[in-house]
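Order of writing sets the chain letters: A, B and C. Residues in each chain are counted from 1.
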Amino acid sequence: MHLTDVIGILVETVVLGSIYGLVAIGMTLIYGTLRILDMSQGSMVMVGSFVGWGVLVVAGWSPALAILFAFAITFALGTFTELISVQPLMGRRGFDFEMVTFITTFAVAIVFANVALQVFGPFQKNVSPVVSGGIDIYRGVDLSYQNLTMALVSIGLMAALGLFLARTRWGLAIRAVAQDLDAARLMGVPVMRLYPLTMGLASALAGIGGVFLGAKFFAYPGAGDLPLLEALIVVIFGGLGSLPGTLYAAYTIGLIQATAEVLVGTTWSLPILYGIILLILIVRPHGLKGRPEEARL
Amino acid sequence: MSAVTAPGATVSPTATRIGRGRALSGAEKAGILALVAVAVLVPFVWSNDYAVGVMVTAMITLVLNISWNFVLGIAGVWNFGQLAIYALGGYGTGLLMLHTPVPPPLAILLGGLLAAGVSILLAFPTLRLHGIYTSLLTFSFAQVFLFIVVNDPAGLTGGSFGFPTVRGLYSFLPPTTALHAYFWTVLAVAAAATLLVAWIRSSRLGIALRTIRDSPAYAAARGISPLRYRVIAFAISGFIAGVAGGLYLSYNQSFTTSAMGLTPMSIDVTMLVIGGLGTIWGPILGTGVLTGLQVSLVDYPGIQLTILGTILLVIVVFVPSGLVGLLSQIRSRISAWVAEDEEADDAAVPIAREES
Amino acid sequence: MNGAPRAVAGAEPVPAGRDAILEVRDLWSGYGDTMVVRGLDLRVPAGQTVVIIGPNGHGKTTLLRTISGLVKRRRGEVWLAGERVDGRSAEYLATLGMVHIPQGDLLFPDMTVEENLLMGAFLPRSWRKRHAALEHVYGLIPGLRERAGQRARTLSGGERRLVGLGRGLMREASILLIDEPSLGLAPVAIERVYAAIRDIHAQGTTILLVEENFTHIGDVADIVHVVEMGSIVRTGPLEELSRDQTVVQTYLGTL
């Protein structure tokens, strides 16, 4: 391996890791508060890609508008998903809440993908990059401005989320609900309003990610499948419900994937990831920073 | 100053509600017999080969769903890798048929055993894991398996093109007769699987599994070993799924990766959930209803999944226990209504007597 | 709401002019098929501290959790300051000024002491006054200010109890429900907790306090109810009950 490879891997790690983090952090947030795995998170990336296509390519407007629209639309969709597929199941008995919401959010994802198929057709659409051009970092190692922007925006959004959770009233409330639901309710936190809000926020983050990912992977109805899988991998590896864990995991997975791509080529990198996930689940299911009690029976 | 007893204040551990009972009620047994009797006549009555073929495929899926319902619904394990086990049975059977002189029926059984064996291996890591993690584990396993099949490093599976053509069970018969033979064979297997699962469900094994599923702490206190019972559950469901796979291979004379992907998995899970997880009639109702839907929507391939997804959502939200749950709710409402009526009649009589 | 004192079984007739902040009528509550609170009647007059004593498992904690909305009642009524509130959510009751300081503290483990306290002032009106409230609580309860930045999960039992108490004081309460503040604490810690409770009582806050026995409630209890098997079996001022041999044997003996 040459130095150029190493630098290439480092760059790719930061780029991949940041976008993984952005999409996965929504899932962690949702799991922490609602205690569900939101299987519709991937389809929010897909929606974001289509919004990107619609705004940037079809309408020819600015990237800032694309991001704004993606945020608004996926926030609304995420809230809607929570209200129809999670909220009605809360507090009821006679079934496994986690399993059933796994299935219902999955059903929502299928519906979204299918609607997209009907509306936009099966062929992938090119989404223009938010910014074009790039720089040469080191003797042939390219960093496109698109990737750079993607990484910066992702990092920025994750930092903003962190600040929101640490410093604001609602951010504190979200953390409270995640840490002790009963206590949060006793403090007067309107949990039934907080849940859709949280899911909307998480979906919006994924939607913005979709605007960028669309340029790399095109906008098409199935565009949500891969991000969903990758987000699941990151979230489990980092420990379900742990935000710092998700961050570490995102960059670690990014590193693994970047290395795998250099060493064995792109075809094998996804199965290798799956293999890793299998290994983690067998050896240390609570991941890096999750709580063991939650993973084990 | 003495303690007042509140209405219904007895503690009832869940296990006593998981009664032994009979495997199937008299009405249910009659229902299944009737269903089988009707089904047996179908090939005689209906001369539409296409329709019969659809039913064969549906019944193969039913066998798969029965196996899946057993591990997911009755044993309560979030196994989302059942399609890989199913495929394993199919490919295993195919390899045996292709490369060995083993007669096809035996090949199917051996395929089932192979699937059971791998399924048992899968059981072990799931023991330590909580629900969602198990789903990821099994799902990842399925993805890795799919990947291996598609990339076909040993040149065994035929990759995305599908398995090379095999003889199947009834290739020595003329096409329509073969079709009917498959129909009755699969029907017999489906009926046998249903009865087997029903019998198991009310046996000690079934009770143990359901206790582990509903009250793990109580099960542990009673010394019920999750390891032993889960391995058995995986073995049985794996075997049935493998046999289904072998049947699929025989009937279609090949096996393709399209039977393994996310779409068939979504459809199958929908069938299970809509029918009612953990029940005996669930897979039958679910597979039946959804196949009917698919057939009626065959001209509109695009919206099929949308409608499926919406129906899944609606049913799960309103009746999480599926169609079986809905039917039993209707039944209890009716009998409550009848009982009210009878009570009213009983109450009316003394007054009438007094007046006279 | 002015009314003639109502004779409710198990409660002392209240002097005219004193309204009941909290009123519980024929309450039945429990888990699954098991009723733990069985036909309980209770009145907490404004400004008073009503103490409930009783053995473990006889419904004291369930009573508080039902009143505060965490547990759904099976039957009966709960009235808060003249408004019927049984069946309402815990979040809603919090907006009416119900403050429940639960057994086990239920602190937010990964938040700091100060963040825990701030959550106590979550409701909009209280949030606006949170800085003043924080100062007030730091002043009232010793030891909190020094630990403001410490993670709740690293605190000792006594410290946690004090944080829980402080968190409950971060907003204006129409009534404070306090569940076994002495549970699991060393005597020194208990004394600190009860010093704070005495201060709160002296300020005229209405309190419903649950304890397992008589040991510490001396200076705060206006009325004591003894709960057994889910309903009130004895009522009276502390001095009267502590002269009753059977009661003393049962409840002073358990420590």
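Keep this in mind: a residue touches a chain if its C-beta (ideal position, glycine included) is under 8 Å from a C-beta of that chain, and two chains touch if they have at least 3 such contacts.
Everything quoted here is computed from the prediction, not taken from an experiment.
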Would you identify the chain whose Cα-based centre sits farthest away from the centre of chain A? C
Middle chain, criterion being Cα centroid separation: A
Separation of mean Cα positions, chain B and chain A [Å, integer]: 33
Distance-wise, how many Å sit between the C-alpha centres of chain A and chain C, to the nearest whole number? 43
Distance between the CA centroids of chain B and chain C (whole Å) is 52
Can you pull out the residues of chain C that are in contact with at least two other chains? none
Parts of chain B lying in touch with chain A, wherever the complex brings them together: 76, 78, 125, 127-133, 135-137, 140-141, 143-144, 147-148, 151, 216, 226, 262, 266, 269-270, 273, 302-306, 308-310, 312-313, 316-318, 320-321
Under the definition above, what is the set of chain A residues touching chain B in their complex? 37, 84-85, 88-89, 92, 94-96, 98-100, 102-104, 106-108, 110-111, 113-115, 117-118, 225, 229, 232, 236, 240, 267, 270-271, 274-275, 277-278, 281-282, 285, 294-297
For a test of understanding, state which residues of chain C touch chain A in their complex under the given definition. 68-70, 89-91, 94-95, 99-100, 102, 106-111, 115, 118-120, 122-123, 127, 167
Once bound in the complex, which stretches of chain A touch chain C? 169, 172-173, 175-176, 179-180, 182-192
